[in-house]
Amino acid sequence: MELDYQNMIGSIPLFAQAAWTTLWIAVSGVLLASAIGAGCALSLYLEWPFLTRPIKAYIEVSRNTPLLVQLFLLHFGLKVEALPCAVMALAFLGGGYMAEAFRAGLEAVERSQVESALSLGLSRYETVRYVVLPQALISAVPAIGANVIFLFKETSVVSVVAVTDIVAVAKDLISLYYETAEALIMLVIAYLVLLTPICLAVWWLERRVKHAVFGR
Amino acid sequence: MPFSGADILLDSANLARLAEGLIVTVRVAAVSIVFAFVLGMLIGVIALSRGKLVQIPYQIFLQSIRIVPQLVWLFLFFFGFAKWLGWNWNGETTGIVVFSIWGTAEMADIVRASIGSLPVHQTQSAAALGLSRSQIYLFVLIPQAVRRLLPVSINLATRIIKTTPLLVLITVVEVLKVGQQLIEVNILTNSLAAFWVYGLIFVIYFLICFPVALLSRKLEARWSVQ
Amino acid sequence: MSDILRVTNLRKSFGALRVLDGIDFSVGEGRVLTIIGASGCGKSTLLRTINGLETIDDGEIVFDGERLGADTDWRRVRSHIGMVFQSYDLFNHLKVIDNVTLAPIKVQNKGKEEAEEIAMNLLRRVGLEDKRGAYPRELSGGQKQRVAIARALAMQPRIMLFDEITASLDPEMSQEVLETLLELAAIRMTMIVVTHEMGFAKAIGDELLFMDGGKILERGAPRDFFAAPQTQRARQFLSRFEYRI
């Protein structure tokens, strides 16, 4: 198999630009998902009435449906524009996963920690803010990290709603110019370049938390 | 008319076609899950060995599969390997192969983790009671490993199911593709066709995955007590 | 001498289970009350009702002239009642010094410097000034418990509640912690001490309550109680400790 290196180098700007799109979607999706997840987990933890049932339902629905179908429904069914649709779907999916991660973290903080904070005179809010949340976040780090990687990889499907991400570029090169091998290799390289630093960062953070003296 | 366009779902011919697509989806998922579980257990047990000769290839296998999105693997096999190596695979076969390999890697890691994390004193106290090596495995280690393993592997099954819609991108006529076709036929007369058809598929996936996820959680809750 | 805490006819049930069945007692300023009894006799629940960790079904708790109940400003009351638990419950993510200063800074709005000065004095008193920068997981059980005591004292409470604080410590570590309590008694800190350590109960208290089945069966000077328990239940309870070698 002969590779057309000239061609591969020539496609770098296309991939680089698309990588920005992928990165942008992933980062905004992950940030939104984290905000949604933290909000859901916290209101479940504080047992806010009226919200508990809808939040539980949302978590189940978002986690038990595929992103691709969510995208189709949002874009073609509800006519949301491509780029916002990609971010919204990722945030919808990720929100459920992040909620579970935060919830597990909150549950890992023992009840007695809350009681001793209360018995010192801290209010409910202060107890959550200064005692529960910091510890919950520390123990949720591995799950949050896994979710970040998972969501990043999930962005690979957004080309179905006409977002020009790296998969879309590769698909174009294959179908328009038949540069199959070159496009596929560039596609893999693009994902390795995007994902390796993230995986390493997550792995590093996980180890730090695991061996940290401030852990549990 | 709040339900305008919903009649696309009331046409039995349409539903029959969606069901056909669903059968393809389920077939790919089921075959992949079986392969993944069987091969994953084998490789997972092998990966329990701490020798470098096992660990290095195992980690390369696992990490290289994990770091690339499943869609990229599908593309690599469908547009790449199948063509270059002269395999004449259609989309469905490619899907089964890719999901099986990915599932195998994940399953192997589940097996390795759930057996590897059993406390050593379990083996020691069983040995202290006079149990033989095979008895220790049969009556002490394997039952405990299964309890850790089963909820997580059922969860893996739902992950595989949720990955099947990717098949639409490599020309497989599964449920989502059938949905697309139905919408294309009806789009001129029914502007809400996409909403109803994709909405139904959304619900179908939920109805498949949710009970399985629930089962996994129930088992986990029941067995995590000890 | 004025009573800082007065409990009258206190009742509490968990479902059908009666945990506190008409409890009456009071604690005077600067006095030490010890409570003993078998597991499940209600002594821990009693402590927990005093600072509102458990609600009560009936009766009255009057702290410093104020009747405690559902509409109590617990945040203020709790800041005057120090409590130390069996499981230490230091805040794992905070250094020793920050464990001690958290509540003074957040609840009493003390400045960081002032709070740290108070904290260092207390850590010195419990013999742990060199551990100010350590995290809880770097401490032994006895050290953790002494930090927990310092943390509660930092709020300058009117009364301290100790809930079996040596129950998960080995004898040597218990000793460290109990010595800290004896020092507190010596400076006339008002305390309620729930304990399993009979020798300690004999040594520290001004008054002793023996509880069984949610009731107070005996009360009096510790020396009298141990010398001549009046009830069959108390004799049974005490005889169990004689077997211990």
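A, B and C are the chain letters, set down in written order, and residue numbers restart from 1 in every chain.
Just so it is clear, a residue touches a chain if its C-beta (ideal position, glycine included) is under 8 Å from a C-beta of that chain, and two chains touch if they have at least 3 such contacts.
Predicted model, so just to flag it, every value in this text is computed and none were measured.
Asks: Chains shared as neighbours by chain A and chain B?
Replies: A chain counts here if it touches both chain A and chain B, and no chain qualifies.
Asks: Among the chains in this structure, which pair is joined by the largest number of C-beta pairs in contact?
Replies: Here the largest contact count links A-B.
Asks: Which chain would you call central, comparing Cα centres to the global Cα centre?
Replies: The chain sitting closest to the overall C-alpha centre is A.
Asks: Taking each chain's centre as the mean of its C-alpha atoms, give the chain farthest from chain B.
Replies: Taking each chain's C-alpha mean as its centre, the farthest from chain B is C.
Asks: State, to the nearest whole Å, the distance from the C-alpha centre of chain A to the C-alpha centre of chain B.
Replies: One centre to the other, that is 20 Å.
Asks: Rounded to a whole Å, what is the gap between the Cα centroids of chain A and chain C?
Replies: Taking the mean C-alpha position of each chain, the two centres sit 46 Å apart.
Asks: Calculate how many whole Å lie between the centre of chain B and the centre of chain C, each centre taken as the average of the chain's C-alpha atoms.
Replies: Computed from C-alpha means, the inter-chain centre distance equals 54 Å.
Asks: In the complex, go through chain B and note every residue touching chain A.
Replies: Result: residues 67-72, 75-76, 79-80, 83-84, 158, 162-166, 168-169, 176, 179, 183, 192, 194-199, 201-202, 205-206, 209-210, 213 of chain B touch chain A.
Asks: Using the touch definition from the top, list the residues of chain A that touch chain C in their complex.
Replies: Per the touch definition, chain A meets chain C at residues 110, 112-113, 115-123, 126, 130-131, 134-135, 138, 213-216.
Asks: Quick one: which bits of chain C touch chain A in the complex? Just the residue numbers, please.
Replies: 51-53, 74-76, 78-83, 85, 87, 89, 91-94, 102-103, 106-107, 135, 137-138, 148, 151-152, 155
Asks: With touch defined as at the start, can you tell me which chain A residues reach chain B in the complex?
Replies: Against chain B, chain A makes touches at 1, 60-61, 63-66, 68-70, 72-73, 76-78, 153-154, 156-157, 160, 167, 170-171, 174, 180-181, 184, 187-188, 191-192, 195-196, 199.
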